[in-house]
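Labels run A, B and C following the written order; every chain starts at residue 1.
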Amino acid sequence: SSSDSSSQGKPEADQKQAGYKTVVMTSEDSITKIMLNRPAKKNALTEQMYQEIILALEAASKDDSAITVLTGNGDYYSSGNDLTNFTNIPPDGVEAKAKNSAILLRDFVGSFIDFPKPLVAVVNGPAVGISVTILGLFDLVYATDRATFHTPFSHLGQTPEGCSSYTFPKIMGPAKAAEMLIFGKKLTAGEACAQGLVTEVFPDSTFQKEVWTRLKAYSKLPQNALRISKQIIRSQEKEKLHAINAKESSILQERWLSSECMNAIMNFFSQKAKL
Amino acid sequence: SSSDSSSQGKPEADQKQAGYKTVVMTSEDSITKIMLNRPAKKNALTEQMYQEIILALEAASKDDSAITVLTGNGDYYSSGNDLTNFTNIPPDGVEAKAKNSAILLRDFVGSFIDFPKPLVAVVNGPAVGISVTILGLFDLVYATDRATFHTPFSHLGQTPEGCSSYTFPKIMGPAKAAEMLIFGKKLTAGEACAQGLVTEVFPDSTFQKEVWTRLKAYSKLPQNALRISKQIIRSQEKEKLHAINAKESSILQERWLSSECMNAIMNFFSQKAKL
Amino acid sequence: SSSDSSSQGKPEADQKQAGYKTVVMTSEDSITKIMLNRPAKKNALTEQMYQEIILALEAASKDDSAITVLTGNGDYYSSGNDLTNFTNIPPDGVEAKAKNSAILLRDFVGSFIDFPKPLVAVVNGPAVGISVTILGLFDLVYATDRATFHTPFSHLGQTPEGCSSYTFPKIMGPAKAAEMLIFGKKLTAGEACAQGLVTEVFPDSTFQKEVWTRLKAYSKLPQNALRISKQIIRSQEKEKLHAINAKESSILQERWLSSECMNAIMNFFSQKAKL
């Protein structure tokens, strides 16, 4: 199946990094792979996962790999922010919770903005929310034809993050970006590719094989040239991206405390409880 | 027919705003609709229409609607600036006329730049000139497959406005934008959609029904989230857009006084008189 | 054949400019054509060609033509920088060579950034390297369906130039641009058109006829409107483009002195010698 990560090659030969509980980090063929590993929950992102991804990106930025890959284990790439993150209110209350969540979000997105090597998303299935919005910060985005791209922010009383309010209109124009980011239109893999969010779409049956063959070839190219080329492209807007990230995170912090957002999330859980 | 505005629902239930002579402004289902209403003249924009659209946008920005729509009555969306605007020279001469026209143009475009809620173009037929260029300032652009997009500025000795000199290259790249804006290439609805100027194209026979069904669903989403999402996206370039608008209007003011432009417009009228 | 430049019309009627050895410069029908004229070497760019193109652009900017065209003689548009440029080391050594080459590159690209009239690429065959990257600075790019677009910088230990690190992500989004600029993916004419780098693709059999017919029609439009429209579009980012050009050239100067780049180029020549 498409989620069979062993198709990358001989996983027993991978150098598996210890210390991670929610992601699996391996290095092989000059490629470091960070795999979201919560398949039973569609790789929904818990606070621990945000923190472990930040640490994994920091480690990958310093190792001797040429390319870093983010992918998901199982049928989903990621279903986005785990909404149970909103239910774990600390003793110091919802304001403190919203503030801490905004800081974590900002740090998480900042890790992608600053990542110094070519960064590749191997989108092995549906992607939702922040797992979609940060794709604008990747250098290559390969998707299975089973993937979909969905950012239902308004439905939950929320607003765009991951720098998507800047990157998406730049990539696909405001008339396509708004339907995704403001009105929650779900894109197929083919639509996302036609609009420039995705580099290339592959049939699910050959997805892993074709993508890893290509990435292994790319990882043999002169490493300094790869890294410097990426940095020339991204350095031009790094300052702007950090400013956008700060603003988006700050607006979300307010949104999370609004009755509009609280009602939408409570409604989500009560709908779920009825199932 | 596609121009049957009654397909929006029960028009008799609309709250029709009084005081407008060249547009019809109605509100229903949390949607405010501004309809250009000069179908016998293909909705060519007179000075009065520019002024009434500015007023209608100001009213829509303050009402309790979630979404604002601009559309045209009849077979055309809009044939653009009514060239008879150039023939009504006041006693203080052509310089004063050009100056006043540039101020009106700048205010008109500025109303779109500053509009605070999601703004939707329902392009019910061919669009020409400024009705095309301001599309880059809309959040959604839905078009019938009968629509075309045409900006023959150079043919009339004129230059781009509506911030298109900035938004069009950003949306479609300079190599596509220049053929439209500099050389007056007319696009089909499908081409405009492929190049990101249009969100989606619909068959003319079902255009009004499909578009309004979708917009009614969108208008039920949390209104603050919609408004704030739009503002995050647009606030990033608002200052830049106003500067472009000022520059484009100022250059057009000079153009209108050039012999190149005067000759082209006189030629237009003499051709028309021969028909 | 597609390389038959006589299909532009009656070449004997052209005003051919004297003094150029590596390009042919002609003016007819308000169109100035600069044709790369080293067909036996696939129009690979020598230092002399860079210098003559700079001079030709300067002359074209001041003549009475409405439009300026760059094209290639023969089957290729251009195979890019002639790598023998790297082998002609002056007495003052490789550092001086790298410095001089970076200055020449910067001046060359700067001539395209500053060019004041509509600039058209007639891409008559495969395009490689800098002949591809500067396409982002053209106003129209017409391509035969035989054309391909290839920027194998990393393979040679090098990095993007021609402002492509800025223009390409802006035109096609980072996920498409990176595969070209960082990983050297070769695009077909159709792919380049879908991604906005190319205005339109024509069948090779009718390429010259269709393109020149269209350009002759365009060249009859009011010249001031054409020139001013182009300048409105480009003036907005001229300062930024010059800064990008300076940075890209400076990074390449360092790259050319790196062992990674030297090894890659020596390897290129040793492979070639074995053939």
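As a convention for this text, a contact is a pair of C-beta atoms (placed from the backbone, for glycine too) under 8 Å apart; a residue touches a chain by one contact, two chains touch by 3 or more.
Since we're looking at a predicted model, the values are computed, not measured.
Undergrad: Draw the chains as dots and join the ones that touch; what shape do you get: line, ring, star, complete or other?
TA: complete
Undergrad: State the superposition rotation angle between the two copies chain A and chain B, fitting on C-alpha atoms only and giving a multiple of 5 degrees from 0 to 180.
TA: In degrees, rounded to 5: 120.
Undergrad: Could you give the separation in Å between the centres of chain B and chain C, each centre being the mean of its C-alpha atoms?
TA: The answer is 37 Å.
Undergrad: Multi-chain contacts in chain C: which residues touch at least two other chains?
TA: 170, 172, 194, in rising order.
Undergrad: Can you list the chain B residues touching chain A in their complex?
TA: Residue positions touching the partner: 118, 135-136, 138-141, 167, 170-172, 194, 196-200, 218, 221-222, 224-226, 228-230, 232-234, 236.
Undergrad: Applying the document's contact rule, which stretches of chain B touch chain C when the two form their complex?
TA: Touching chain C from chain B are residues 153-160, 165-166, 169-170, 172-179, 181-184, 194-195, 244, 247-248, 251, 255, 258, 260-261, 264.
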